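Here chain A shows up in two complexes: once beside chain B, once beside chain C.
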Partner chain A sequence: MDIKTNTLESVETRIQKAIDKAHASQDKLNAVVSFIDPCEQIENLKAIDKSAPLYGVPMALKDNINTKGILTTASSRILDNYVPVYDATIVKKLQQAGAISIAKASMDELGMGGTNKNAYRGEVHNAWDTSRISGGSSGGSAVLVASGVVPFAIGTDTGDSVRKPAAFNGVIGMKPTYGRISRYGIIPYASSLDHVGYFTTAIEDAALLLEVLAGRDDQDMTSSYRKVETYASNINADISGKKIAIIDNVQEGVEDSEIKANFQALMDKLVARGAIVEHIRFQDNLMQALFPTYYILANAEATANHSNLDGIRFGMREDGESVEDVMIHSRTKGFSSYVRKRFVAGSYSLFVENQEKVFRKAQKVRRLIVEEVQKTLDNYDVIIASASGNIAPLSENSADEALSNESMVTENHMIIGNFGGFPSITIPTGFVKGMPIAINMSANAFDEQVLFNIGKAIEEETKLKGNDSEVKA
Partner chain B sequence: METFSSEYFEKLAHDIMFEVSAQEVAELKEEFKVLCQQIDVLNEIDTEGVEEMIYPFEAPTTFLREDVVENVISQEEVFTNVKNRKAGHIHVPKVVK
Partner chain C sequence: MNYETVIGIEIHCELKTKTKMFSSAPTSFGEVANTCVNEIDLGHPGTLPCVNKEAVRLALLAATALKCEIDPLIKFDRKNYYYSDLPKGFQITQQFHPIGSGGNISIDTPNGKKNIRINRMHMEEDTAKQFHSDAGTLIDFNRAGTPLVEIVSEPDIRSGAEAMAYVEKLRALLYYLGVSDVKMEEGSMRCDVNVSLREVGTQKLGTKTEVKNLNSISNVQKAIDAEVARQSALLDQGERVIQATRRYDETQKTTVLMRKKEGDVDYKFFPEPNIPPILLSDAWIKEIQDGMEELPDERKERYQSQFALNDYDADVLVANRELSNFFDEVCLHTKNYKKAANWTIVEVIAALNKANIKIADNPCNPVYLAVMINMVDNGEISGKQAKEVFEEIMLGKDPQKVVEEKGMKQMSDSSELLTLVTSVLDNNPQSIEDFKNGKDRAVGFLVGQVMKASKGQANPAMTNKLIAEELKKR
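Now for the complex of A and B:
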């Protein structure tokens, strides 16, 4: 359901409906970590102008976003009792725009994962088929939008943690340029790759949300001073002359004939609308290096970022004979086995003797990858590819992100957007075997508008505006 | 190929303040075989003369300024997430014995 449809009803009615739906779907989807009583927020609306862009619109927040007085666990046992004493900057911005948070949404523990199976309160299920994964790490947020509970939800994206679950659940997943949205008050994963992103069911909503969320924040030194544009009113679906580059390295890995056909049909439609669609190829060795580079950098940064989770000042504390014992016991019991193993990998690459050959090497390869992509974006408006070569996998067949020697370009190409900070959007394009499929597009830094413009053209072609599992049912 | 002892993984874990079980060590040994192969993928890429990329954009956004007191939280707020408190402090086991 898009925001405009949602706001046809009174504020009280739509908030109550969202809460009722969230509760009713919880047994089936397990998308929520905490339900939020909206009374105080509704009361606070009295001070907000009724013309505010999100006035009285219900929403969900990923559970790594600090919310004052509301449990914020990041789906980790070590934070299962943590109640922040402050709001993240984006929470304040959303409140000022009139939005009402109704739930904190489940995620992979500390953002580390792509299935939402590794969450302390349990697996999140796909909105279209509960035997399949939601994808992660922002799985709860994706599912709450895809099941029609809320018209938008906030997530975070370090590898593809908004854009992949968006693809698996048939909703729009937007990750703007690095620094476009403040990250102050968000529990980090890997600071050089972390972005705030969000889920919607309409391109106009994605554009509107960026207007609300973007802008300089002195509390996040990486946030940009660039002017925030009026993205929504600037949307123009006339894409004649727009140059679109299909990433062949990614499409060659798509084996499903229906997904291939859907992609080609869409490209034909974009050509018919006047776009110039061409094929490009990135250096294969750099594409093969995408996931290992990400794995090394993300784990190393996570290891450093999460050194403050020690059970002393906040979080679950396990007793011990000494301060060191308390920390070791708290961290051993507080993190899942999966996360601890990834921290070990991070510790390995940060170890003095390995730093040059592992960590710094990965940082250098990152630069080469970004330069390679930038060369293409110097000549094209966007790069485009299937968001995944598959529909959402069955939960029983799905392991969490692990290194493998198999070619992983098709399933990991969206990491490019995090390496270079490029704005990147996933847009649903149809259904295969009853499950949603999607494309992903990325553009030059701070050119979100071109993504919304071409995205609007795609939305007009697919007619999937407002798509959710409730509408389809 | 580089091989790693169980003690090596235990040390890596201990350095970042947690323990790994015998089963986790066994899993790590397998996972690190793949990690080393993947590091080889990176080693095949010539990075001679390439600068590390630390952040996507390298425009500096820090400035020298006077210290300003901001974002202060009260003592009571600090204690809201603390398991043990005593005499206005966060209470932990004795450090000096």
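Now for the complex of A and C:
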């Protein structure tokens, strides 16, 4: 379902349909943390021009996006009663564009995880096969779009938290350049890696959404002053002469023959359209270092970012003899052991005696990786690879802790986009064993347009525009 | 034994900005608790810091005045620790790249001028204020996020008196620059002193204690003197000084243990990822430095060389920025600097004290005071009349109008005066007789009569001269 679906119906009907559908599939998917009563938002539409780009379009927000007066838990127990006192900048932008949020979508606790099994209100299930994981951390948002509840949903992406669940659920997952979309009001994971991203079923929608969401925000010093382009009307599927680099290190790790064949067939089609497709290879040691480097940096920042969750001013409070005890008890009970483990790892890397050889070293490696990738992007329009070497794993077989060394590069390469802040998009390319598969492309900073252009060509080839799954209640 | 005292001082100063260091909430003092806060100050999830440009400007001024080397690339770091007065669980500070480093200031000591080196000066945010009671702890977040600079001296200070001079000097500097209110009693300037002793002639530093939260300048000296006495008594008895944080107890006049320091706390400093490094342009830095107000030392020097004021007068004026600014204004309109200084230091202060008005709210127009001084110098009014006029000036009135209204204008026209003198002499033949018989007092009587006849407006000097001349003629 894309943004233009159901536009002939009244806003009320359209929104009610989305809410009904979300409720109907909730038992199966568990994608929603809280449903939002849309009445006030629909009332507020009166003040908005009917030509607004998202007028009356239902949407879902990941539950780490602050909504004033509406429960926002980040799927963590410690925030399970947290009602924000302010709206995130993007919430205001979406409201001005006429969008109606109908649900806060489940996620891995505080964005930490890639399965969406680590959520306080329970696991989220894949829209195509509920015995499989949705992927995470923006699993709820991905699933709500993939199951046709809403035409778009907002997520966040620190390692691949939009782009991986997009791949597993057969929808488009877009993460623009770092600084393109304001992060003000987004409950963070790791500030230097966090991006706002989103899910759609059509490239045009992805381009349109960026026009709505992007732009300088004085409340986010890392947001860019760069002019927002008219991405949607600029879309041009003529990709002749575009230079595309296949990341060999990633593709070598793809073992599934059907996924390999699908990828190759797509590349052939792009060549047939006049694109120049070549193979490149990043230094293997740098690619091997992607995940460990990410783990150190993300968790170091996270341990500080979440030090505000102490039970003193908001959130869950567990009593204690002293103020210090209140903090200790609240944090012990408020976070899952999985999250606490990440805090310990983050703190460890920041200790004075470790900082040089762990945290600072990881920062240097990050820079080396970005320089390595930039060298390629200096000569190519995009780098491309399979978004995952597999279809979404069965829930029973997947845990965030268990990462096999063999799939280290293939399953973590999208971190490149977060390290360098490069714009990056996941686009579904077909099905294997009834489950969606996808490619991922990244481009130079602020060249989102080339992703939309090549993405449009891919969409024309796959004919998967607007595709979603019928989830039976 | 003979000990040398070694003191280093850390000073936290609240910057005088309208809004907080990283949020747009207003800064405040004495407002109702938790009314000057927003989601950023409370450390709510998802909030991001935004650097206050005015705070950077003020910090830049302070660093320049302290003769620090300025780092034009502004960077911030996180200092991580859990405490209920620290909403985010970290403080944003400048650990790795302070805006200023390696400065110095000169203080006056009984042995002459002494240079105290400044190690560093950096920007950071203040914490919330806590009130502990049996019923629990109350937290006021109004102060949370207030911009601060921390100024760290090298251990160059050798006595409580020097420490006091250092703090006083720093206070005057920051006050002059308009950087801070520097009110120690209100906490807008806070002072922590590190004190250690070592045997005279040795180089190795002794174990130090930190005395915190001294709430007045005189307490800086008292606390240090008490701590030095305590430490030397310990050492004399062959005991060790234990590294600890202490506070000064005013009633006991001694320092009291707050907590022992067992190893350094690891604050896990790392760069603040939400604030990209900000490169200050050379032009902006220069603009700020060029617009910097004259500092107290320079001002005193100018008063002595240009206005020929004595040491005492210059000191009294410079000690108060508003008074000194007032004096400078007066001097723009009169050349009698000495008189301008006298009127300012003696009469203006006395009048303000009497009316219980702060110097900052001085109702006296400096131009009027200058005009009045000139009127006296030109003989338009007498010194005695000036005192009366001055009272009106202190109510904001124009001296020329006052003189006119009260008919005070001094009679300095010689022909007009001569008429008066002639008539007085004509009416007092006895006095002329007395004068001729050598009674000089008669002159005084005659002058008095002229004054009376002129309703006090006759210029006394001219009257004296005219009477003397006219008497000779008779």
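Keep this in mind: the second predicted complex is superposed on the first by the 461 of 473 C-alpha atoms of A that agree within 3 Å, B and C clash if a C-alpha of one lies under 4 Å from a C-alpha of the other, contacts with A are read in each partner's own complex, and residues count from 1 in each chain.
Simple rule for what comes next: contacts are C-beta pairs under 8 Å (C-beta built on N, C-alpha and C of every residue); 3 or more make two chains touch, one makes a residue touch a chain.
Since this is a predicted model, take the numbers as computed values, not measurements.
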Between chain B (first) and chain C (second), which does A:E301 come into contact with in this model arrangement: first, second, both, or neither? second
Between chain B and chain C, more extensive residue contact with chain A: B
With both complexes superposed on chain A, which partner does A:V323 reach: first (chain B), second (chain C), both or neither? both
Looking at the overlay, what does A:Q219 touch: chain B (first), chain C (second), both, or neither? both
May I ask you to decide whether A:S469 touches chain B, chain C, both, or neither, giving the answer as first, second, both or neither? neither
So, does A:V352 touch the first partner chain B, the second partner chain C, both, or neither? second
State whether A:A74 touches chain B only (first), chain C only (second), both chains, or neither. second
A:G185 contacts which: chain B (first), chain C (second), both, neither? second
Can A:G420 be said to touch chain B (first), chain C (second), both, or neither? first
Does the superposition put A:S25 against chain B (first), chain C (second), both, or neither? neither
Jot down the residues of chain A that show up as touching in both complexes, chain B in one and chain C in the other. 82, 85-86, 192, 219, 221-222, 303, 307, 310, 312-314, 323-324, 327, 347, 351
Within their complex, chain A touches chain C through residues 64, 66, 72, 74, 79, 82, 84-86, 88, 183-188, 190-192, 218-222, 300-301, 303-304, 306-310, 312-314, 323-324, 327, 347, 350-352, 355, 359
Which bits of chain A are touching chain B when the two form their complex? 81-83, 85-86, 178-179, 192, 219, 221-223, 225, 285-286, 288-289, 291-293, 295-296, 303, 307, 310-315, 317, 320-328, 331-332, 335, 337, 340-341, 343-348, 351, 357-358, 360-368, 370, 402-405, 418-421, 445
Note which residues of chain C are touching chain A in the complex, please. 39, 42-51, 78, 80, 82, 84, 87-90, 137, 139, 266, 268-270, 273-276
In their complex, what parts of chain B are in touch with chain A? 9, 12-21, 24, 27-28, 31-32, 34-35, 37-39, 41-45, 47, 50-57, 61-62, 71, 73, 77-78, 80-84, 90, 92-95
